[in-house]
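Below, each structure is written out as structure tokens.
Both complexes below contain chain A, partnered by chain B and then by chain C.
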Partner chain A sequence: MNSFEFFAPTSVDEALDLIVSKGEDAKIVAGGTGLVNMMKQRLVNPEALISLGAVRGLDGLEISDGKVRIGALCNHQALVKSAEVGQMLPLLAETYSKVATVRIRNFATVGGGLVHGDPNQDPQVSLLALNADVSLRSKSGTRTLPLKDFMVDYYETAIRPDELLIDALVPVLPNNAGYAYLKFLPRTADDYATVSAAAVTVLEDGVLKDVRVAFGSAAPTARRCQETERMLTGQRPTPEALRAAAEKAKDLADPVSDGRGSAAYKKEMVGVFVRRALEKALERAGGAVNGR
Partner chain B sequence: MSTTVIGTRAPRVEGVEKVTGAALYSADVLLPGMVWGKSLRSPYPYARIKRLNTSKARALPGVLAVITGSDIRNVLVGRRLRDQHILAADVVRFMGERVAAVAAEDKDVADAALELIEVEYEELEPLLDPLKAMDADAPLLHPDLRSYKGLPPTLPEHLRNVHAYSRIERGDLAAGFASADEIVEGTYSTAMVHQAYIEPHAAAVSVDAEGRVHVWAAQKQPFGLREMLAEALDLPLEMVVYEYSRVGGEFGGKGALMDVPLCYYLSKACGRPVRMVMTYTEEFLAANPRHPSYVQLKTGVKRDGTITAHEVKIIFDSGAYGAFKPVPGVDLGGARKAGGAYRVPASSIESFIVYTNHVPGGFMRAPGDPQVLFALESHVDEIAHKLGMDPLEFRRKNILRQGDANATGEVWADLRAREVLDAAIASSNYGQPKPRPHIGRGMAITNRHIGGGDSQALLRIDAGGRVTVVTGTPDAGQGSHTIQRQIVADVLTIPETQVDVVARGTDEAVYDGGIGGGKTTHVTGRAIMMAAEQAVAELRGWAAELRGWPEDGVVLEHGLFSSPGEAGEPVSLQLAAAEAVRRKCAPLEFHTTYSKGKVEQECFGAQVAEVEVDPETGQITVLQMTTAHDSGKLINPMAAEGQVEGGVVQGLGFALMEEMILEDGKVANPNFGEYKIPTIADIPPLREAWVEDAPGPLPYGGRNVSEHSLIITGGAIGNAVRDAVGVRITSTPVTAEKVFAALQAKRQASA
Partner chain C sequence: MIKKRIALTVNGQRHEVEVPTTRTLIDCIRYDLGLTGSVEGCGVGVCGACTMLLNGKMISSCIYLAVMADGAEINTIEGLAKDGQLDPVQQAFIDYGGFQCGICTSGQIMAARALIDENPRPTVDQVKDWMMGNLCRCTGYYKILESILKAAEAEAAA
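And then the complex of A and B:
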């Protein structure tokens, strides 16, 4: 690791000033779990680090207008432990609980995780299915983006160099919604997903009123499966319908081969796990898949 | 003898020190003026070094020395076969080979200096497939092979790129095959895996004013290290001192010199003590992992299951150097196990250890055995299936009975093979109804020698009666110091807390062959036991003298000498020791030697794996692992369970997930983010069964339990998967994807 200057601003404004004055040579650091590894491998060699650790007011969890506002500095484990999140967005608690180990979760922040932008991460998959937005602030103001537009490519997001991610906004699910996040870990419990899938389902009179599906680890970013959703919306969730819709998700898969599986295998598994996530969500929505 | 210490779950001597972080490892050594060493490693698997320029690195402030292969061109090192330069001389033969080294004031400067070293390489076509490396037209990776010290003299001339070869033949193979009703063939392979100890290799060297070389190193054989180093540096033995430090796990992988000679040369070049600590990436790129293997088997059987002939060809990928194998044959043990625990009347077993441009392979827990047993025990199940027999029935029919010779002609005393197999089956769910579909159960069995060797013990009792074992045996985590303490406490009839075990370096401790080969409890344990018995004999004499008792009638109980029927207060060990020290004017020291060559008995291990396979994804969930051993009397059941369960976990890694992925000569996953080992969340319930009626040479009559549990896990898992979903995976790791692909192929074939 190369040597660097270290700054610890205590407010968002101070942090924004530093980002501008230190420019391209500086990097923001939150939990450090993603960045420091990259620095150790010399993939990034910042001359200055601007730590958000001492910035106040960025780690809150706030619920208003049917949305949960999660501060960028909120750490993964805090979300897992939060009673409100467990009650209002159990899908998020379930998802964040599957990230790495408790040692990582205690440091990794929600904002750091989103800006990190590794397609193998877990949270993005469920946040996509939850229609989350992120808000970004620079000295010229705040903008809010849907997560799907925020994610751009491998380790690439729409954040600008002069911006800070301030929070994520997640609409609360209706009480009768079913949900599931499945992380496929064929090697060991401590790994990134070979593939993952999230589903949200709302049933009315046995018909799918709302279906949202996303998968991870099988494309440059987590992906929302619109065609799958379209095929199921307004339909009865028969095994055949679910299978056909899940198969469709495979068209969106564009994985790379690595130690967790070949590209071909991951693509097949997208079909399996999208379907299983839907099945589990439906089960939780009180409507086990017809015919089972 | 008291029975309160032996057979109890005595806690670890060094446990508190380790969990509190107080234990000192080689990387913790800090000496005045000490500097950091780092090595520059080859980015190519095979290349000629055309030009090497170190001037920029030397000019960097904080850099104290830079050395290259030309500085130590004439030194070749190796645990047996000396075929490796400390720094590559003209040619690099694997990606990660050391090319130059620097000593600098701190680690960052050392790293920066490495980047300033200019090397121009001429890339050569690497040999990455050991099978092709043996072809008649393959280029020779070591044209000077015949000149290397330590080359087995029996190596046939015609073999190419092979540095060790063995052939074991027995009986009339052709007749055996001719009389068979069925001939079953199979080919299997296993991946390169790392020992995955927590502590990476670390070393520190300091040369004192007299020129004595002090070495701290993660090392399993301190006395062996001293010898190897003295020989490599051409120094008299007494000029090298190994200074004791704890070992953070080794699993067979810490017996080589590794960075020690480099620390020495850097230290000589800059006049300061030098320390080198490998990063874990360096561990993966350039330590000494388990050899990948290719095993071909062909077996003739009668319809009733009788084996008539067995032919095996084993090819181990040795990587670029043979330097990490310590045995005279420079080979691996696997070949001797290739006939299994079965009666085989006619056999031919060939083993080739082949140079390639991969990371050189080294020793890892039961070297060669997990590879060969994965192949063999998978093959045995396939034979049973071909004959329509239950794999258990087939094994019971062929398993060695007292007096039988195995495939290599060995016959053992007090055989417990059948008992061990039965114990594993009885403790497992084998044969029980299955609660759900896609559950499978598979077994495997192996035999392994009970290690022999030489060990010396030094037991000291001071004027205050404090009992101290001064040991030169490292304890890499298996609990050898704890066992030593229990033995001494038992013989002296005192609580084990009254015995200290202190580990010391080669200047203070007496000779010990180090740990490994399933021998430590046996040879070191015996030496220590003898020392404790001598202590009792001597102290009994002093006690008798103090009280005027006839010595013959004196007994020792609970640390007190007494003479039933005689007058006089009992004499404590302390009192007798104080008297002895006072009268002799010297502390009491008992120095013993124990040696044992080949042991008459062989020990066996059998295992049953129970798995559930998800037919849609291929995912394997291990439900339970049951392991049986003919351990004989257990000195410390907790230590035995730890050893066996640790083995099962390591075996599960080998069976299910571990693989150093080799791409064009490069290790593609050189970190624990990508090279996966089991975590606690992956471990299924583990059961052990002990066959305690099994006489052996260990203190109190037992046998070793060191390695079997990981040797057979690959086979047991492969067989369980086969039982669950009907597909045979012929390579490790047995991954979900391989099972998925095999299931798809099977569906297509039947469609």
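And then the complex of A and C:
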């Protein structure tokens, strides 16, 4: 690791001052599970590290107006274990429980994960399907961005150098919604996914009133599958309709070949796992796929 | 090289050390404080050999910087035995053959300790799920699983 200055501000304001004064040679660190690893491998060589470990009041979980506000410094395991999240947003608890291991989840933060911007991460996929927003604060104010606009490219997000991600806002699902997050792990249980998929479905009188689908690990960012959603909205979820709509998601896949599978294989698996996620969500919504 | 003075309370004892900002927590514990029971295996937070507790939560100390732990309470394998009496988890690993070569053992025991602290009577599946991130390349997993379940049982009975 290259030598660097280390700062531990105790408030958001102090952190924002440091981010501005240290400029782009500085990196912000929370749990460090992503960044310290990258620094050890010299993939990132900051001149200064601004640790948020001593900043108070950013790790809360707050539920109001039908939304869960997750503080940027809330760690993954706290989310997994939160009774409120388990009850109001079980898809989120299920998704975060699939990230790495307890040891990593204890320190990896929700905000840190989002700004890390690795397309192989789990949370982004479900957060996309949940219509999550993120709040970004700078000295000049706070702006809120839909997660889909926040994610830009491999390890790249729309955050500006003078901004800090403050929280994620996730609308609670209606009680009758079905949901699923599937993580395809052909190697080990703590690996990144070969392909992952999330689905949210709301059925009314046997017809899909609301359907949201996203996949991960198969493009520069997690991707929301709007064409798939359009094909299914207002339709009965027959096996044929699900298959055709899931196939459509493959058009958005742009994976790279690696140890977890070839690009061609991952693209095929996007179709498979999007379909399975839809099926599982529908099963949970109490409406097994028609025709079975 | 930029250095910083930090305070760590390790196994109940307070230490003040000056460390390079690049120092990982595992290196600080091993080389600055001389506690070599925790070992670095993979160095990327995957294998679990360097597992210790930071403010009561288990952590991969190989991917955490010592300066980030300033002011924290840390527990390592050296602090488990009390008054010459092994911790029930340590005793169970001996009684039920929970280790072979020993490289992963301190991490396994600290992870098991963290599990039983949080969930005193874990089920087999809960132990497997929790311990998933602690690898044993001798592959002695059945004995490790048995040791942890027996340790929980012994503690519950005590």
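Criterion: the second predicted complex is superposed on the first by the 292 of 292 C-alpha atoms of A that agree within 3 Å, B and C clash if a C-alpha of one lies under 4 Å from a C-alpha of the other, contacts with A are read in each partner's own complex, and residues count from 1 in each chain.
Quick note on the criterion: a contact is a pair of C-beta atoms (placed from the backbone, for glycine too) under 8 Å apart; a residue touches a chain by one contact, two chains touch by 3 or more.
These figures come from a predicted structure and were not determined experimentally.
In the superposed model, A:205 makes contact with neither chain B nor chain C.
Once the two complexes are overlaid on the shared chain, A:5 sits against chain C while remaining clear of chain B.
In the superposed model, A:261 lies in contact with chain B only, and not with chain C. When the two structures are aligned on the shared chain, A:29 is found in touch with chain C, with no touch to chain B.
Touched residues of chain A were counted for both chain B and chain C, and C has more of them. Contacts of A:269 after superposition on the shared chain: chain B is touched, whereas chain C is not. Of the two partner chains placed by the overlay, chain B and chain C both lie in contact with A:189.
Of the two partner chains, neither chain B nor chain C is touched by A:65. In the superposition on chain A, the residues of chain A touched by chain B in one structure and by chain C in the other are 1-3, 189-190.
In the complex of the two chains, the chain A residues touching chain C come out as 1-6, 8, 29, 32-33, 36-37, 40, 49, 51, 53, 77, 100-104, 106-107, 189-190. Touching chain B in their complex are the following residues of chain A: 1-3, 184, 186-191, 194, 258-259, 261-262, 265, 268-269, 272. In the complex of the two chains, the chain C residues touching chain A come out as 1-2, 4, 20-22, 24, 43-46, 48, 51, 57-60, 63-65, 67-68, 70, 111, 114, 130, 132-133. Interface of chain B with chain A (complex): residues 108, 616-620, 656-657, 659, 661, 668-669, 674-679, 681-682, 735-737, 740-741.
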